[in-house]
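After this come two complexes, each holding chain A, first together with chain B and then together with chain C.
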Partner chain A sequence: MKVCLKLSILGNICLGVLLSLAVSAAEPSSSVTLPKPPKAKQNFSDTQKCVAPIEDIRRNHGDYLKHHRNETMHKGIRTTQYSLVACINCHVTADSKGNYPNINEGSKHFCKSCHNYAAVSIDCFECHATKPETP
Partner chain B sequence: MEFWTAFYAISFYLAILIFIGGLAYKIYQYAKTPAPLVIPTMPAPRTSSGVVIRVLSEVILFRSLFRSNLWIWLFGIMFHVALLLVLLRHLRYFTEPVWGLIVLVQPFGKYGGLIMILALFGLLARRMFVERIRYISNPSDYLMLVLLLVIGISGASMTFVTHTDIVQLKAFMLSVIYFDFFNWQSIPSDKMLLVHLAAVILLMIIFPFSKLLHAPGVFFSPTRNQVDNSREKRHVAPWALELEKTGN
Partner chain C sequence: MNEETSPSNDRRDFLKTTAVVAGLTVAPGMLLYGISEAKPDEKAVSSKIRWGMLIDTSKCADGCDACVNACVNEHGLTEETTPETKAQWIRKVGLRDKQTGTVHSLPMLCQHCEFPPCTDVCPTGASFKRADGIVLVDRHICIGCRYCMMACPYKARSFIHETLENQKPHSPRGKGTVESCNFCVYRVDKGKQPACVEACNQDGHQAMLFGDINDPNSEISKKLKQVNSSVLRPDMRLNPGVRYQGL
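After this line comes the complex of A and B, so read on.
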């Protein structure tokens, strides 16, 4: 009897946890947090905003950059199509005082705004600069 | 692709209702079911804290399986630990800002996915090639493994082969869990993602009716969660106690 009682208490606790989970998900929040990357300086061409269609870039930019890195470092082939430096030059923009966002602070930096959101760490900036070479 | 957005959002709500409701009902049922006798498998702990350790070692380490069959234990523990890592990794789609621990676990979860698939193939091979196990296997035993394999392979392929827009996916998931009814952020319509989520939804729906109930059920196993104190204390089933009172 006592065992059975203990088990039923355990069962009730489990039930309570599940219910409270369901309730806490219902906290009032009309809109969802979305990353807000700053606008790029210019379009890539008249017909295309970035170096590839946006849907493609959003899914595959990591692979493109890594492939580009391997081609450049190991084979010495340096192209401009998927160059990280070119990404930074166009996408990282200064505020009115001419200051560039710090990659380690918050999500103002173009790359970091989404990478924080999706918890994807990047090691590009262990070596590369986080802001444009030429202002 | 607004159709898929609404379709998956509504399916998620239905699946989570069935999952939580069904699970809560089963746990209630397990808790209410009386254990008429004291039947812990010996040697059994003689104190309550001993029982806690016993149940935990069963839940975390699969102790009895380890002692009875090492290679099945190996595949089992590989699958479950990998699944835990993968589930933790997925919390990044449901939390904003993402918790520090979840950021740390990302790379581990990534390779956890591969280990999970490997272990599932091992468990599938066990079912198919061990004569004795094949004989007692039902279609539903295969279904669970196949569903988990579909989830694992489609998920890992999105990490390692054909990516989806995970930022958009997170926006969709957040809008679903914050109940933005018919104002959901749109779901990326990559085929792998749709297959992955459909399989997850199916698994959630089937969970409370399947052998996957071993997850809560392991806590309610009378041969493992009872104290070995039948010498110190007399146990009488409630119905027997009634009979003693009325003197029949």
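After this line comes the complex of A and C, so read on.
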């Protein structure tokens, strides 16, 4: 009986720990917030939000961009579907004062918001423009 | 019925202005020829075309640097740096014949050689010649070794020493890579002229003619047939795409 009681107490403790873990997984601590990338300027088409289905572009945009950069650089193919400039034109938006987010500060820049969260550094913006060209 | 047979005033005015505009574009000379039509975006460049430039040194005004300024604006070559390491895609060069004292002023840029020494020495394949003859640096794979700068007999290339910001969307540039004139390749692919040529024409000098030297009907080919032109350092047999008239 004593043993049973002890076991049940132990079980309760374990369950408690598991529950608290589950809660912490569902609600991340304040130090790591989920990325909130800014909204794009427009939808790609009536039926599709981005240039590829969202789950596809989220996973594969790196490959698409890399493939397209070689096509453009070496063959002069200048379609806009997977062009970095077109991504930036649609996804990087100015705030109410007309200022664009800085890629090197904070995580308000569209690309930086997720890449900060995933801890994946990007080299694109060592050379490429981080904001649309202002006329 | 009457309305239909006699053109309305609006229509007449429209025709007049169109004629005037067409006349203007013909008069400065360079706008109608050179590039026949834009390549479709999805089509790869082909070796049937070879882009080239003919520079008339007699029309290139001494002290004028419209082409250089146009290049600086177009590609954003405005970073603060030392004069020794300043990026120069095009520069004005003065030549004086010691015997006769004749003076020439001419723009120097990447000569877009048929056999470019920069691509020969590049260890990564970053320096390459596109099918249509434009010599480029793929800065995605450039490691900044600068062999190409040493190999180029025209000193056409620059190395970027500083971290850059606010680059132009159409002209990415960055620290640790080599760059040079690209004939404004994104403009050429859209059927437009390089920025320097446009600026030279706008200033009324018309010293630079850009076009397809493989097309016998292009303006540049016709002019190359008529006039005496020469390349710089012909002894190296690089067959540059940039030729000079009146040297």
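To be clear about the criterion, the second predicted complex is superposed on the first by the 101 of 135 C-alpha atoms of A that agree within 3 Å, B and C clash if a C-alpha of one lies under 4 Å from a C-alpha of the other, contacts with A are read in each partner's own complex, and residues count from 1 in each chain.
Throughout what follows, a residue touches a chain if its C-beta (ideal position, glycine included) is under 8 Å from a C-beta of that chain, and two chains touch if they have at least 3 such contacts.
Since the model is a prediction, treat every value here as computed from it, not as a measurement.
Shared-chain residue A:I88: touches chain C; no touch with chain B. In the superposition on chain A, contact is made by A:R78 with chain C only, not with chain B.
Once the two complexes are overlaid on the shared chain, A:A129 sits against chain C while remaining clear of chain B.
A simple residue count on chain A separates chain B from chain C, and the partner touching more is B. Judged by the touch definition given at the top, the superposed model places A:R59 against chain B, while chain C stays out of reach. In the overlay built on the shared chain, the residue A:P38 is in contact with neither chain B nor chain C. Contact with chain B, but none with chain C, is seen for A:C114 once the two complexes are overlaid on the shared chain. Contact residues of chain B toward chain A in the complex are 20, 23-24, 27-28, 30-35, 92, 96-98, 102-103, 106, 162-168, 170-171, 174-175, 177-180, 185, 190, 216, 219-220, 222, 225-227, 235-238, 241. Across the complex, chain B is touched by residues 1, 3-4, 7-12, 14-15, 18-19, 21-22, 25-27, 29-35, 55, 58-60, 62-63, 114, 116-121 of chain A. Residues of chain A touching chain C in their complex: 69, 71, 73-80, 85, 88-89, 126-129, 132-133.
Across the interface of their complex, chain A is touched by residues 39, 41-45, 128, 130-132, 136, 138-140, 163-164, 166-170, 172-175, 177, 185-186, 189-190 of chain C.
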